[in-house]
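In what comes next, chain A is part of two complexes: it sits with chain B in the first one and with chain C in the second one.
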Partner chain A sequence: MEPPCAPHELTLPLILVEQQTKWRMRTTLPEQTELRPSLGQRLHRMSEARFGLLLLAPAALILLLFLAFPLAYAGAMSLFRIELTVSPDWRWAGPGNYLSVLGERAVRESLARTLAFAALTVGTSVLLALGVALLLNEPFRGRGFARVLVLLPWAVAPVVAGVLWRYLFHSNYGLVNALLLQAGLIPAYRVWLDSAPVAITIAALATAWKTLPFLALIILARLQSIPESLYRAARMDGAGVLARFRHVTLPQLRGILIFAVVMQTIVALQSFDLIFTLTRGGPGQGTVLLSYLVFINAFERLSLGQAAALAALLALLIVLLGGLAPLLAAGHRRREARNE
Partner chain B sequence: MSRASPLIRPVTVYALVALVLLWTVAPVAWIATMSVQPEINYVSVPPRLRLEQTSLRWYAATLASPEFVGAMRTSALVSMATMLLCLTLGTLAAYPLARLNVPHRNLYLTLSVTARMVPAMILIIPMFLLLRSLQLLDTHLGLIAVYTAFLLPYVIWMLKNFFEQVPYALEAAARMDGCSRLGALVRVIIPVTAPGVVATAVFAFIGAWNEFLFGLILSTRLAVPVTVKLSSLVSTTFHSDTSLVAAAGMLALLPPVLLVFVLNRFIVRGLVEGMKY
Partner chain C sequence: MFDQQTPEPFSRRRFLRLAGVGTLGTLVLAACGQAPPTAGPDGAAPAGGSPGGASAPASVSQPFAGRELTLFSAQHHGAYVRDVYVPLFTERTGAKVNWVEVGGGDVEAKYAVFVASQDASADVLIAWEAINAKYGPTLFEDITTSAKPELIAGLTPASKRAFTFLDKQYGMPIDTNMAIFMWNSELYETAGLDPASPPQSWAEFMDHSKKLSGDGKYATLFTLGDANSGFVTFISIYNSTGGTLLSPDLRTLTVDDQYGLMAMEAIHDMFVVSKVADPAGVTVASSIEQGKIFRAGNMGHYFAFPNHFVLAETPDQSQIVGKARTGIIPGLALRSGSVNGLEGYAINRFSGNKELGMAFLEHIVSPDVQRLVATGWGRPPAVQAIFDDAEVLARAPQFAAVKEQTGYPSPRYGSPYYTDLATIFVEQTLAVVDGSASPQEALTRIQADGQNVIDDYWAKAA
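Presenting the complex of A and B:
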């Protein structure tokens, strides 16, 4: 509402003097806002760059305090010898932790296990996801329902997925044992998780189970965007089903498949939750992957410096691999643009 | 294949679909079965599942345990708060990254992609020390802060992708009609991208609900999330009733699964569009 203009004092009847003071008070308002602009006006006059930075500030603050600072702190810790079982002191170690970590046999074994696990997980999940995506792209009755149901594992926490697969392969009440026994494939119930290679394979399968929906989803979206005209042209050239898949579908999926491989590698290298409830690192050290080894170093041996150094190496490996994804995606887009 | 009998193709497709659905559902279906049957039924070889012995009493027992219900409440509260905080901060940050001429914009975008790859494992010890000095260990607020920081780079990235798709003309029209800058964001951009915002909200909620490592280390008694509670049940109840653990597992996985099934339409498109590089 516009405040009324202040009428001249002389024209006012005396009765309105009281009213006049009220008007005075109200007329002073716009003058004040001229001197000190409201928040809205200040935002309006601000340059675009400053306005943008102002909006970024709250998120940046949280990320600095709870992400960048801990990260830098971990980097600093990795340069000190911190053995809480011996003393609470930090002793300068320089690159000492890195060298001793790289020289440790447990680390090298764990690295080999992690790479095997990653290869197994990535191979299984990307190939299965490709198959599932191709299948869900076919027309069939109930396809909409199947597409929704397939999402299920995506919503399940990795920790819970570990519990699910533990009970699936449990030696006393596992579904797998029950089914295999009834099919006559095993003579008696087996203890699956007591052999390291089998446990690693089961962990890889469980991880693939958990991440397959996301991968299948993005591959399916890419499949749906392949123009039908490409298939028509290929059919005119006499290409059969397999030839069409090899010469039309696969080249179109290349970018997304590379993306899927990189994403899945990152997931595999970070795996911890699922293994924690599936095997607890056992049998022995059989499923102690690198991130699990960081956990053991930090919370069981309390050698925080070593744990930080190992975690830093792992993070470096992940960021290097993960950095590939945007680069490859950009390169792929450029090539596609050139082809068009 | 095209010359084969017209029946072969649909039969193969349905057989494969059945296989895929079996693979997807079997792990959950098995624990669901365990959660409504007495242990003796599935421990016996071969398992003898008796329909007449099906009971929900293990759910009733789990829901009568104050510790487990407390963990569910903690997870619900922390996930809700994390989701709201992520959406608010994420929207404010994603808008300038998508729309405005901010200095060093590409640097911020690269940082947000890199932040998503930082493994939780490297942050956990400093996070413990940080929360201890802020006196936030074992509190809801501590978990909310940590979860928000960890999920925010994803949320910003997703929202940025959605905001970028809104035509500039729409925003310009809103500004001409007298909307302020923030007004255009709230009245035009967010409503237009609502499906994407919903997908992002679900993503943040599920990310917080399913988190484990931070909860394991940063909470001991008062603010234990359900994932941590479940893992302690799994490792300690060797001698007690496994059906109880199964019921607890079902209760822990139910909220995110229900969300996904109810909002699946938003999620499928949202994930595909939002996660793009």
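Presenting the complex of A and C:
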């Protein structure tokens, strides 16, 4: 039997190990410092989801500051009677403002007008955007320039667009009158914005003109992602241009078209600045949409509580119609899944 | 952008680099852009400077030296109030004036915010009759007892009334602006009318108008483009009937009577029967636009604000220089009647600088400023004595008509419920113009809906 290790025999290896560790620490510490990831490296190694959240954080913070508080404040205002022509005081009204607003003839008329305007704007803009996207998807000389040109209305501020369209249809010096007169289509200059249906149609056209580039852009992007093999297969099956459009292009665009319809509906429901500069709500109340009515209530009638209630109802309407997008898309996916 | 090309990968490193460069650039630009705040709005001279450009030295003759006044006004006051009267105020008082302006149509929206937030950032605010009635009780300082009585007593009756709401004085007028009659002498001659004989009654006005109309041209234009302009149109005609639209306590509307019918039938005749009024008026919401059409030589006569005469005589603003003539508005039952477009200033009741604010109000009705208003701006003065000044009348021939016009009714019927009432009026007037309602039907609806609006207001106020 071997004798147990003498204490000195046991100590020596321990000292060696300790020294080795110290030595390693000394030698490896600089290496470890080098290996410690820098901010850039850490960002680089971050998961996609976390990196996305990081990028969203500043915007989310700003939204929280500048949207959440005003929204909550407006919500609170809608529950109080605030009549600035009488007093700046807030008096509790509960749902009174909502009931009062819903009972107003002006609101009901404006709602109908707003929905008609939205339908007209959506129909015009989506159809035109589809046509423009299909055209720009085809190869032709000057296509690049045409694509830039189509984008221009998007860059125009809504207020400027309103003034522009107002002067286009001006009864005394409007371009439309001048062109139609020279073409012999009208006997004399006419007043375009004096009837509510015409004024609302012009307003819808102007809105469609303004938002068409965005819609055309997203439809074009989708068009370009349709596999060419689908068209080849359709051609082999003897499909003509219309058949290819109906059975290949349109089904592929369905999702984006639904998105475009919903987006444009939201834009139409929110329209204010263009109407303000184009018609100022006239003739009479002929182009007073709900958003414009909010403005009138707040800044002309000085009924802030009622204006807040109306704004809340408008927001609800927008959310409801905006929520249609995911619902329609989900329904579409379910139908496709069943078909497959 | 649209072509299906493989884009250069946009890595996170590249994103961070770009973001860093962008931030640095912004900081550099911000640092470079911090110029000393010497320029006024639109690059104008410093608001506190004197007309000559140098600030007046502080002295005992400048009682407010070192103090600052913030003036909230409208763009159309820039060329005269900001550039002429304010520097004069600074020279006299030593107070620096900070000028803030918005478009005239945006003033009300801004005032709503002032009241809601009890904002004291501006000491003196632009005002006019409709605004006084609407904001007097909640935004403007009541100066009935604090203003010097001799200043109030010296005002023209119309200007005094425009700044008084329910017996309280809420500001000082800067002018006695009210519509007069203006005609194009050349178009009169072309139509076979004597340019020296304007219409003396409504019947003559219609007769002249028929001769001035035809071949796609209209004799006149009345604004119906929005609630305010439509109401002003109705009132400008109604005021010559001898009727009174609102009771003095502002609780009763009396439009459905012979006076209201007379006014509404006149509108119906002009637009529908005789077709002498330009239908484009339905889309015109401002007298500025109306004046432009007259100055382009496209209109025989109209109800114009006096400073339109100055514009008609300015070569770069007018194609009818030397052809505009002025007189008083031909009336329906009375010889004449008008509508006022008076403007002035009031003190913000939330301001902590009311003493200086009052000094500014006194400044705008001082004789020399009033002379400048009359001769430079072309607006009728707010002070009666200036109207009688021979030199002023010689330099501004249109004031002879204004002076005569002030002898006839010109209330604007400002009220706290002005917007709602004006909206009802313009809706029904448009119904008459497009033929969907008779004058009587329109009046019946205005009376019912308008009285409801008034009752609602007083119920809320109670």
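Throughout what follows, the second predicted complex is superposed on the first by the 263 of 340 C-alpha atoms of A that agree within 3 Å, B and C clash if a C-alpha of one lies under 4 Å from a C-alpha of the other, contacts with A are read in each partner's own complex, and residues count from 1 in each chain.
In the analysis below, a contact is a pair of C-beta atoms (placed from the backbone, for glycine too) under 8 Å apart; a residue touches a chain by one contact, two chains touch by 3 or more.
Source: prediction; values computed, not measured.
With the two complexes superposed on chain A, say which partner A:163 touches: chain B (first), chain C (second), both, or neither.
In the superposition, A:163 contacts chain B only.
Counting residues of chain A touched by each partner, does chain B or chain C come out ahead?
B
Considering only touches as defined above, state whether A:63 meets chain B (first), chain C (second), both or neither.
Only chain B; A:63 stays clear of chain C.
Considering only the touch criterion stated at the top, classify A:270 as touching first (chain B), second (chain C), both, or neither.
It touches chain B, and chain C stays clear.
In the overlaid three-chain picture, which partner chain does A:285 touch, first (chain B) or second (chain C), both, or neither?
The answer is second: A:285 touches chain C but not chain B.
Which partner does A:152 reach: the first (chain B), the second (chain C), both, or neither?
A:152 sits against chain B, while chain C stays out of touch.
Answer with first, second, both or neither: which of chain B and chain C does A:257 touch in the superposed model?
Neither: A:257 stays clear of chain B and chain C.
Touching A:191, do we find chain B (first), chain C (second), both, or neither?
second
Of the two partner chains, chain B (first) and chain C (second), which one does A:298 touch, if any: first, second, both, or neither?
both
Under the stated touch criterion, which partner chain does A:172 make contact with: chain B (first), chain C (second), both, or neither?
Touch partners of A:172: chain B and chain C.
Using the superposition on chain A as set up above, list the residues of chain A that contact both chain B and chain C.
Touching chain B and chain C on chain A: residues 40, 43-44, 51, 147, 172, 189, 221, 280, 295, 298-299, 304.
In the complex of these two chains, what residues of chain B are touching chain A?
1-2, 10, 13-14, 16-17, 20-21, 23-28, 30-31, 34, 39, 42-43, 45-47, 89-90, 92-93, 95-97, 100-103, 108, 113-127, 129-130, 145-146, 148-150, 152-153, 156, 180-182, 206, 209-213, 217, 227, 230-231, 234-235, 242, 245-246, 249, 252-253, 256-257, 259-261, 264, 267-268, 271-272, 275, 277
For a test of understanding, state which residues of chain A touch chain B in their complex under the given definition.
Interface residues on chain A, with respect to chain B: 40, 43-44, 48-49, 51-53, 55-56, 58-60, 62-63, 65-67, 69-71, 73-74, 77, 132, 135, 138, 140, 142, 146-161, 163-168, 172-173, 175, 178, 181-182, 189, 209, 213-214, 217-218, 221, 240-241, 259, 266, 269-270, 272-273, 276-277, 280, 291, 294-295, 298-299, 304, 307-308, 311-312, 314-315, 318-319, 322-323, 325-326, 329-330.
Flag every residue of chain C that touches chain A in the complex, lowest number first.
Chain C reaches chain A through residues 1-2, 4, 12-13, 16, 108-109, 112, 115-116, 118, 134-135, 137-138, 216, 224-227, 278-280, 282-283, 285, 293, 296, 298, 416-417, 419-420, 423, 426-427, 430, 434, 457, 460-461.
Touching chain C in the complex: which residues of chain A?
Residue positions touching the partner: 40, 43-44, 51, 81-88, 136, 147, 171-172, 187-189, 191, 193-195, 220-221, 224, 279-285, 295-296, 298-302, 304.
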